[in-house]
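Consider the two complexes below, in which chain A is the common component and chain B and chain C are the respective partners.
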Partner chain A sequence: MFNISTQALFSQLLVGLINGSFYALLSLGLAVIFGMLNIINFAHGALYMMGAFCAYFLLSIAGLGYWWALVLSPLIMGAFGMFLERTMLHRLAGLDHLYGLLLTFGLALIFQGLFQNYFGSSGLPYAIPQELTGAQNLGFMFLPNYRAWVVVFSLAVCLATWFAIEKTKLGAYLRAATENPSLVRAFGVNVPRMITLTYGFGVGLAALAGVLAAPINQVRPLMGGDLIIVVFAVVVIGGMGSIMGSIVTGFALGLVEGLTKVFYPEASNTVVFVIMALVLLVKPAGLFGRTA
Partner chain B sequence: MTGAAITTIPAPGAGLNTEMKVFAVMAAVLALIGPTGIVYPYFIMQALCFALFACAFNLLIGFVGLLSFGHAMFLGTAGYASAHAAKVWGVAPEVSILFGAAASALLGVLTGLLAIRRQGIYFSMITLALAQMIYFFYLQAKFTHGEDGIQGVPQGKMFGLLDLTRPMTLYFVVLAVFLLAFLLIYRIINSPFGEILKAIRENEPRAISLGYKADQYKLAAFVLSAALAGLAGALKALVAQNASLTDAHWNMSGEVVLMVLVGGLGTIYGPVLGAFVIIAMQQYLAGIGQWVLVAQGVIFVACVLAFRKGVIGVLAERLKIQL
Partner chain C sequence: MKLMVSALALTAALVSGAPALAQDKIVKLGILDDMSGLYADVGGAGSVIAAQMAIEDSGLVAKGWKIDIVSADHQNKPDVGVNVARQWIDQEKVDGLFGVLSSGVALAVTGVAKEKNVVYMNSGAAASDLTGSACTPNIVHWTYDTYLLANGTGKAVVKSGGDSWYFLTADYAFGQALERDTSAVVTANGGKVIGAVRHPLNSSDFSSFLLQAQASKAKIIGLANAGGDTTNAIKQANEFGITAGGQKLAALLLFLTDVHSLGLKMTAGLQFTETFYWDMNEGTRAFSAKFSERMRNKQKPTMVQAGVYASVNHYLKALDAMGGNVHDGVKIVDKMKAMPTEDALFGKGTIRADGRKIHPGYLFEVKKPEESKYPWDYYKLIATIPAEEAFTPIEKSACPLLKK
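So, the complex of A and B:
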């Protein structure tokens, strides 16, 4: 069991870090959305998938490459998210949280079903941008440039988001509006607009993760369906109270999953759920959760 | 907290008669329609299994306010357990059905203990995640035969008398089990135990301050719901003569939510109607790819935005009766 080559160990750890980046970006978006809208966005996985498809369409229709997609896809999807918030989610304000979950679940079924109808279940290839092809020889392993970029860039985006929410004036408004929206409104802040923008931002993060994933996992209609459930477990483990908590938990669980693939591959699909069960037994509010 | 959109059921006595009249009509229609063959009996049997599944699910969301997004794990577990018992161990159908329901009840105890540690939206996410774990377990376990499922489950003779290979005998057995389980759920809802569940749904802190151990009641309701969902799963495996991964997938968990939502959350007959509507829709749309998913999604969105009471909920409100 322990005679694993360091090569295999490090390459699985890298895969784990990559998955962790997606977990972090997605659970961060979920946490930000939940904070403002009190909605668990079940459509997050489908929107991540649509972010990847957006990159694919930008290339195949408009001829715009990876770097354009990295900017445009989150903006386009973010605008789409704001449209969803204005037309539908917005109407659920004041109702039980469950309805938000059900509505976004319905949206996820629609998006996923539509893309499956037109693109089947197989993957569409999306090339790694020229600048990031190749790999570095680190001595103990080969590190593909693109994978290193994904990890570093995701981490940077996560930290920038953390900084924007925890350290800037806009972030202070946002946190205040999360705590007490009516009081913040009384100070003249346009809270409904902030809610719309927040949802758009969360969706943009999901789309960004989708673009980053496109060259690694191919563009598939089902790429978000199962991922979102793992991200839910990540959110339960971390607790949604803390931005940094979502980031740390996301990366950490990706690593744990990678390690499991090396030492006990049969459990690699389920390890996150097992950890969730253990955390619930020991610390029901989640590792970074504030209240039960 | 969930009270705003969910029909409250008053104390027993107020609407008992209408409910029982409707039950008699439902039982008579189902008993008569099968032998005539107007509707394909296999379709009705399948719909009845889903109706029971939906009623079990509704027991939690409608009367305790807990939205489980992982109920497929109970349907799937009982399906596998009963199919395995009937095919590999060769036990009689009544034993395999009870074994399936017991397996789901046991799973209900284990997952319930974890899930009730969190409330509201977290409860839903936890049940979903646990169900996904169970799904992966069945995907990899040997006895489930992975993607193939357990096929060719023998139907056998129930109590050594009723030959279930004869379609009409099977039909009436399925109908009888469904009606009995339905009455059991009705009885649970209108018992003192059911009243406490509703009190917890409306205001958990107050129920606790009155001395009720809310967690124990929630767990009991969860296990009951799991066992009844298991009964549905075992029955379904017997009818379809197979147990497959489809029944354990999260799509199935979503489907049962949809059935109950369409019929009416917290109504007694809503889940039954919802199950028939959704299963009929699947039959019609089965031939054309993934449009079933899209249609389900559209119904979800439409129900949540504009039709939160469901068909039976609206009907009950118009007629000013309990259904």
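So, the complex of A and C:
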């Protein structure tokens, strides 16, 4: 079982890191939305999927390639997210978490069902952009350029988000608004608008992950549904609402999953949940969570 | 004593007369399939449409028959499939189960079909065990099975020089059966199997498994999986330069919708085995044109959907020949086995005593993008596997029904 070469181990760790960057990016969006809005956004996976479809449509209808999609798809989906927040989620403010969860879960099922009805379950092809095709021979493995780009880019986005929320004045307003909205309002800050923008931003992050995933996976209606449960486990392990927690846990779980795929591949879809159960037993607030 | 004897005789007469009394012209078909998951394009809603077309084409409704369809999503979960089947038969009086993609569910449902004595015509599941060790008098396994896939693709690949194999196997009944059957063919033809990695059903990232396959240095990476798993594995093998590095992929089970979804650029040159292709002849083209018109995404039929059409077609022919529905699974299946089959999609064929439907298999190759002249023009025929060689020889069948 342990007779694996260090070469193979390195390559598996690197592959794990790549998957981890998707977990990190998605769980970050969830953490931002939960931390700031107290909404458990079950539609996150569906919105990630729609981000990928958005990239596909931009290419097939408007002829706009990957780089445009990387900018436009998060903006379009972010606007769509704000629309959802204004028209629906907004009405649930102050109610039990369960209502938000049910609403977003229902929305996710509707979106997924609609896309599946019109595009089938096998998905649509989306090619890797010309500039990022090819691969580097690292000696111990063959690293596709595109995967390297995904790791670097998502790490940058994650850190920028963390910085904006934890270290800037805008982030301070945001955090204050979560703690005590009426007091922040008294200072003349438009809290409802801030919440709408935050939700839009979280959705934009999901769409961004969708665009990044489009060339790796097929653009499939179920791509988000398959992933979202794992991402929720990541958020729970990291601690609900903790920004840094979700980033670190995302990458770490990617690594753990990568190692499982070498030593006991049959369990690779389950290992994340085993860890989740263990963490909840030992530290119910999650690894980085603050106990309420 | 005399009274007792006559009472017994009377009961016996009543019992033996009962089935004849129950004969009517009411039929209810249940299509149990993956309606929403990774195999939904292969069967799913398309299988329901195919069954409807078979009913319409049978002309029985005009002759006063009442034929209904119910359908449900088994979500690729054996427990869900068994529960739905049980409920259908007990409460909705379903006479036959059709479709039933995904071998895990397909094998689980065999027990229910036998216990409740309904007809069970499978089109979609691959495990050859359905007419092997798990066979029952209620099963007809229509479209293809792992023996055919192994024998068609496996043999062709070994013969063209691919003599060392590493498997990427979906970790459930189907993948394991396919790996087992293909390994047997590879070794029988002088090749060797270096190893295998089992991945969970419905994995989205294959890079780790592919790297293990790459490290094995096997000439051929055999994909013993299907649907979304196969498409993702092919796409990512391309990305990781596996094919460029000299190793070749053998997609042991590839469907038309997989090729459509990946595009010809990614799949050109792949060889695989199927028993139906929409563009084979006038008959298949006519059916496929009507079929895709009724599909929301306008797809052409896969062999699984074609198999549902053909199996419903043969089932209704048998009922018609019997003059009505006797609601007795074994009797109807026996009748179907006694009648030769004929339809526009699979041609002429038979159903063997173990329930295996016999027809030719075809080794196809995916066309290069420049060879494709019109939409869905994807395959070229490489070789035909004659009907008598396509499936497990009857003398090697493990089916307990044959040992009398």
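In this text, the second predicted complex is superposed on the first by the 283 of 292 C-alpha atoms of A that agree within 3 Å, B and C clash if a C-alpha of one lies under 4 Å from a C-alpha of the other, contacts with A are read in each partner's own complex, and residues count from 1 in each chain.
Heads up, the rule we're going with is that contacts are C-beta pairs under 8 Å (C-beta built on N, C-alpha and C of every residue); 3 or more make two chains touch, one makes a residue touch a chain.
Here the structure is a predicted model, which is why all the values come from computation and not from measurement.
After alignment on the shared chain A, the placement of chain B and chain C results in a clash.
Of the two partner chains, chain B is the only one that A:236 touches; chain C does not reach it.
Residue contacts after overlaying the shared chain place A:102 against chain B, while chain C stays out of touching range. In the superposition on chain A, A:62 makes contact with neither chain B nor chain C. Applying the stated contact rule after C-alpha superposition, one finds that A:160 touches neither chain B nor chain C. In the superposed model, A:226 lies in contact with both chain B and chain C. In the superposition on chain A, A:269 contacts both chain B and chain C. By the touch criterion defined above, A:124 lies against chain C but remains apart from chain B after alignment on the C-alpha atoms of chain A. In the superposition on chain A, A:12 makes contact with chain C only, not with chain B.
In this superposition on chain A, the options for chain C are 8-16, 62-70, 80-88 or 188-196, and chain B clashes with just 80-88. Chain A residues 113, 116-117, 226, 266, 269-270 lie at the interface with chain B in one structure and with chain C in the other. Residues of chain A touching chain B in their complex: 34, 40, 88, 91-92, 95-99, 101-103, 105-114, 116-117, 226, 229-230, 232-233, 235-236, 266, 269-270, 272-274, 276-277, 280-281, 284, 292.
Within the complex formed with chain A, the residues of chain B that make contact are 1-2, 4-5, 61, 67, 69, 114, 117-118, 120-122, 124-126, 128-130, 132-133, 136-137, 139-140, 250, 254, 257, 261, 289-294, 296-301, 303-305, 308.
Taken in their complex, chain C has these residues touching chain A: 36-41, 44, 171, 197-200, 202-205, 207-209, 211-212, 214-215, 227-228, 231-232, 235-236, 239-241, 245, 257-258, 260-263, 266, 296-297, 299. Contact residues on chain A toward chain C in their complex (touch as defined above): 8, 11-12, 15-16, 18-19, 113, 116-125, 128, 135, 141-142, 144, 146-147, 216-218, 220, 222-223, 226-227, 258, 261-262, 265-266, 268-270.
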